[in-house]
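Each of the two complexes below includes chain A, the first together with chain B, the second together with chain C.
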Partner chain A sequence: MVSDKGIARRGTSGLAAGAAFARSLPIIIGLGLVAWLAWGVNWSFVSNLDFTVIYKYRVALFEGLVNTVWITFASLLLGLILAIIFALLANVRYAPLRWIIVFYVEVLRDVPLVVALFWIHFALPVVTGISTSVFESGFIAMALQSSAYLTDAVRAGVQAIPKGQWDAADALGFTTARKWLDIILPQAFRIIIPPLANIALGYFKASSVLALLSVGELTTVATRISNYTFKPIETFTFVAFVYLVLGYSLSWLTFRLENLFETKRI
Partner chain B sequence: MSFDTQIVWQNLPSLLYGLRLTIVIVILSLFFAGVIGVLICAGMLLGSPVVRRISADYVSIFRALPEPIIIFWLYYCSPLILNTKLTAFETGAIALAIPSGAYLAEIFRAGIQAIPRGQIEAARALGLPPFWLLWDVLVPQALRIMIPPTLGIVTILIKNSALVSALGVEELFYRANVLGGQTFHYFEFLTVTAIIYFMLILPLSAAVQFQEQRLSARHR
Partner chain C sequence: MSSRPIASPSGESSAPFIVCENVRKFYGAFEALKGVSLSAARGEVVCIIGPSGSGKSTLLRTLNGLESFDDGRIRIGDVDLPGTHRQILEVRREVGMVFQSFNLFPHMTVRRNVALAPVRSRGLSWVEANGRAERLLRRVGIVDQIDKYPGQLSGGQQQRVAIARALAVEPQVLLFDEPTSSLDPEMVQEVLQVMRELAHTGITMLVATHEMGFAREVADRVGFMDGGTLLHIAPPREFFDHRADKRLSAFLSKIL
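After this line comes the complex of A and B, so read on.
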């Protein structure tokens, strides 16, 4: 009994000491990192930053932002339409068609967006004979890739609808079109909203990848300004801040949207 | 239009050299990301309120920032700010690690917090020393939860490693572009590159989907 207590006490005290050490460890490492970084920083340069460059190029930056928002919105819209079509086709009782859709989704999910973008811009014209502008290529790449992710989301949403709803629609003699448009899709859409919002946020971020092809969205504009004025710190910090603020407001908005639908359901 | 296999075969060693660099940079930045993830996760779970706040802010900021912005920021700004010069390769590895570290921290935190409190209490009641509590009770259970999302992060890391080509790091995508430009056979090289990325990522993403299905089946 006594020895038991002893073990228990030693165990807990050891645990407490370990916890205290573990608690102070991140602080020690963090302070060490900060000190190391501060030692390596060229402070005379940092104190001479000139943020007036942002004001000078405000029009270009605003145009870049508009392009970012526009290309994200448009490509997601096309992606969603494609995704709904693919999700519907995935329910057709013809196996090869389903395999094609699974293959399409898997290929587009597993190839980096930059590679898809460059493939569409440089390789696709060789096949089709139609050359696209950089903006069109960016739009197509984002629409196709988002359609792959959205197909999965839509399919999961459709699968989440209880069997009873399908049976009820069949029992009431609904046509296939009415069954989908009036019963399945509206309910599925409510389930899809959270993953849809996630994908939308992801593609708002991913649109900056298009800068590698100089599509003309915010990151492209930032790169141009920084190359032209030799003020990369000011430009890129400001643009990062813009992405952060917009991303946060977008996620706040989707959070509110989810809540709205949540209360409606109850 | 015809697919010129001859030219692909001739330049395959160059492409595979790029693939090797892609794998090296992914492993390196995964290691950095793991270190960042463990530190930030410890800060979020064990730190004082200020440290918790900073760790949580790190996660939310770097999850919201686009990766190209982080890469460009480091590449253009670090030579001006820092006294030491980083190579493009180092910049790329660090820039890839920063956001992945934020994701990993969140995965580690979720994995540890998913372990029922009773497991720790039971281990303490049995008088298990702290190290064995960590090694025999917490780690095996947490790992099982952490592995699928961590593999997901690896796939994202492989995809994002193609962005480092913008800095002139000669990895797979950079090689494909250079070879395409030299030979005017963009179609062949970009297609082969896309296939290589696909074959690299497919096993990982298949494993993630398989694991997730198994986990959700067990919970049902």
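After this line comes the complex of A and C, so read on.
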């Protein structure tokens, strides 16, 4: 990425003055747009902002945040375990098993999370006789759906491993289980870190739709506070900021993890 | 009733460790092995030469069950391939393999590359296996690189690690699938030197190679494969000097 920017910079530095003007044109237009928008905003609302509401409901917000992080982490962990199992089964020679997995992945990928959530919460109890709490329904919906995306990611990671690695593991007399645990999955995991992080970030944000069932995560809490206090700007500005900070931390963590493996591998 | 020959090649007294009889292998309609028969006694070094695509690799890969075969018989020790899954695992522990492209595990240190298989398939403890890895790596001359990752080593060094890794499970046989073909010229000799020393230890070796000098000097027998057939096999002096087969002499005159 860094080298791309370097090339772009070197490329433009040699260009003539006309190109320099052409380059600054978007900046001028952008500034104009910002000024026009700022003109149109009713700035008087700023003086009425009251962020003490955040402090007042800090405990509830913190609990909501914990629920968001917990449901994202737990459902993705279960999703990943399911995905690894499905990716392994997709390698089995028995064809009907592969069809079932393809069908499962396709169905769960094409149904929106909200629909899956409502179906699990309202239809599943009727079908199975087991009723789940809203939190459990949200957890199951996210775990199942993420498992579909993760199955594809894991399968792609496994396929990216060169045939020579399978040969070497076989030639050394490893059992199938050992081959997967020692050789294939550790290498596949490194390959799938970037897609894995994307999926994790996606579900961290998507957990907010669980608020439609009042699951009790951050967005649910924010909605309640905003409805009760009539302070949606303060509440949702703060909540947006919290999502931003956590989402950015996740990206940063991924970047560090990738770097760690990269330096070890050379 | 004639008297029994004392040491015929197929006699009980010198039962060969590896026996192939009329092995045939198809990839779809393409016949990769057209009835190959080959045997190797314990401690014997057999080099197989021949143009690329002649079936050398395929033949070696059928011997440890990496490739299936469609007809004929392969017997390793007292196991007839293809055996049960358990038997194949046993055969693979007796028959190590060194690949053209090394195939070291890139996510593990050199030490772990060598120590892993003894722990997983021979039941050694990590302490024992690490000790064995250190001894083997000293033997192939790269003990000073033991804590590096494969990506940090040269091709020749990687191939020597791969040889140590194959030796770590103490196999009876080592299969070499063109071990020097992807190496830079200056690294070929360091790998051949390790193989030369190995040949004197009494391990059985089957080597697919283009290194004629090595074959002439080290092999007990040299075989020539072309078009999926083992056309000629003989001790090196006879093999290189008499050139019994027309295709063999054409091949030799092309590369010598």
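Quick note on the criterion: the second predicted complex is superposed on the first by the 220 of 266 C-alpha atoms of A that agree within 3 Å, B and C clash if a C-alpha of one lies under 4 Å from a C-alpha of the other, contacts with A are read in each partner's own complex, and residues count from 1 in each chain.
Here is the rule we use: a contact is a pair of C-beta atoms (placed from the backbone, for glycine too) under 8 Å apart; a residue touches a chain by one contact, two chains touch by 3 or more.
Treat the numbers as computed from the prediction; the structure is a model and nothing was measured.
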Partner chain in contact with A:Gly164 - chain B first, chain C second, else both or neither: second
First, second, both or neither for A:Gln187, with chain B first and chain C second: second
First (chain B), second (chain C), both or neither touched by A:Phe236: first
A:Ser214 touches, of chain B and chain C: first, second, both or neither? neither
More chain A residues in contact - chain B or chain C: B
Which superposed partner A:Phe174 touches (first chain B, second chain C, both, neither): second
Contacts of A:Ala19 with chain B and chain C, given as first, second, both or neither: first
First (chain B), second (chain C), both or neither touched by A:Thr132: neither
Contacts on chain A seen with chain B and repeated with chain C across the two complexes: none
Residues of chain A touching chain C in the complex: 162, 164-165, 167-168, 170-175, 178, 182-183, 186-187, 190, 264-266
Interface residues, chain C side, partner chain A - complex: 64-66, 89-90, 92-93, 96-97, 99, 101-107, 116-117, 120-121, 149, 151-152, 165-166, 169
Partner chain A, residues of chain B touching it in the complex: 1, 39, 42-43, 46-48, 51, 54-55, 61, 64-70, 72-73, 76-77, 80-84, 124, 127-130, 133, 155, 158-160, 162-163, 165-166, 173, 177, 180, 186-187, 190-191, 193-194, 197-198, 201-202, 205
Chain A - residues contacting chain B, complex: 4, 7-8, 11-12, 14-15, 18-19, 22-23, 25-27, 29-30, 40-42, 45-46, 106-107, 109-116, 118-119, 122-123, 126-127, 205-209, 211-212, 219, 222-223, 226, 232-233, 236-237, 239-240, 243-244, 247-248, 251
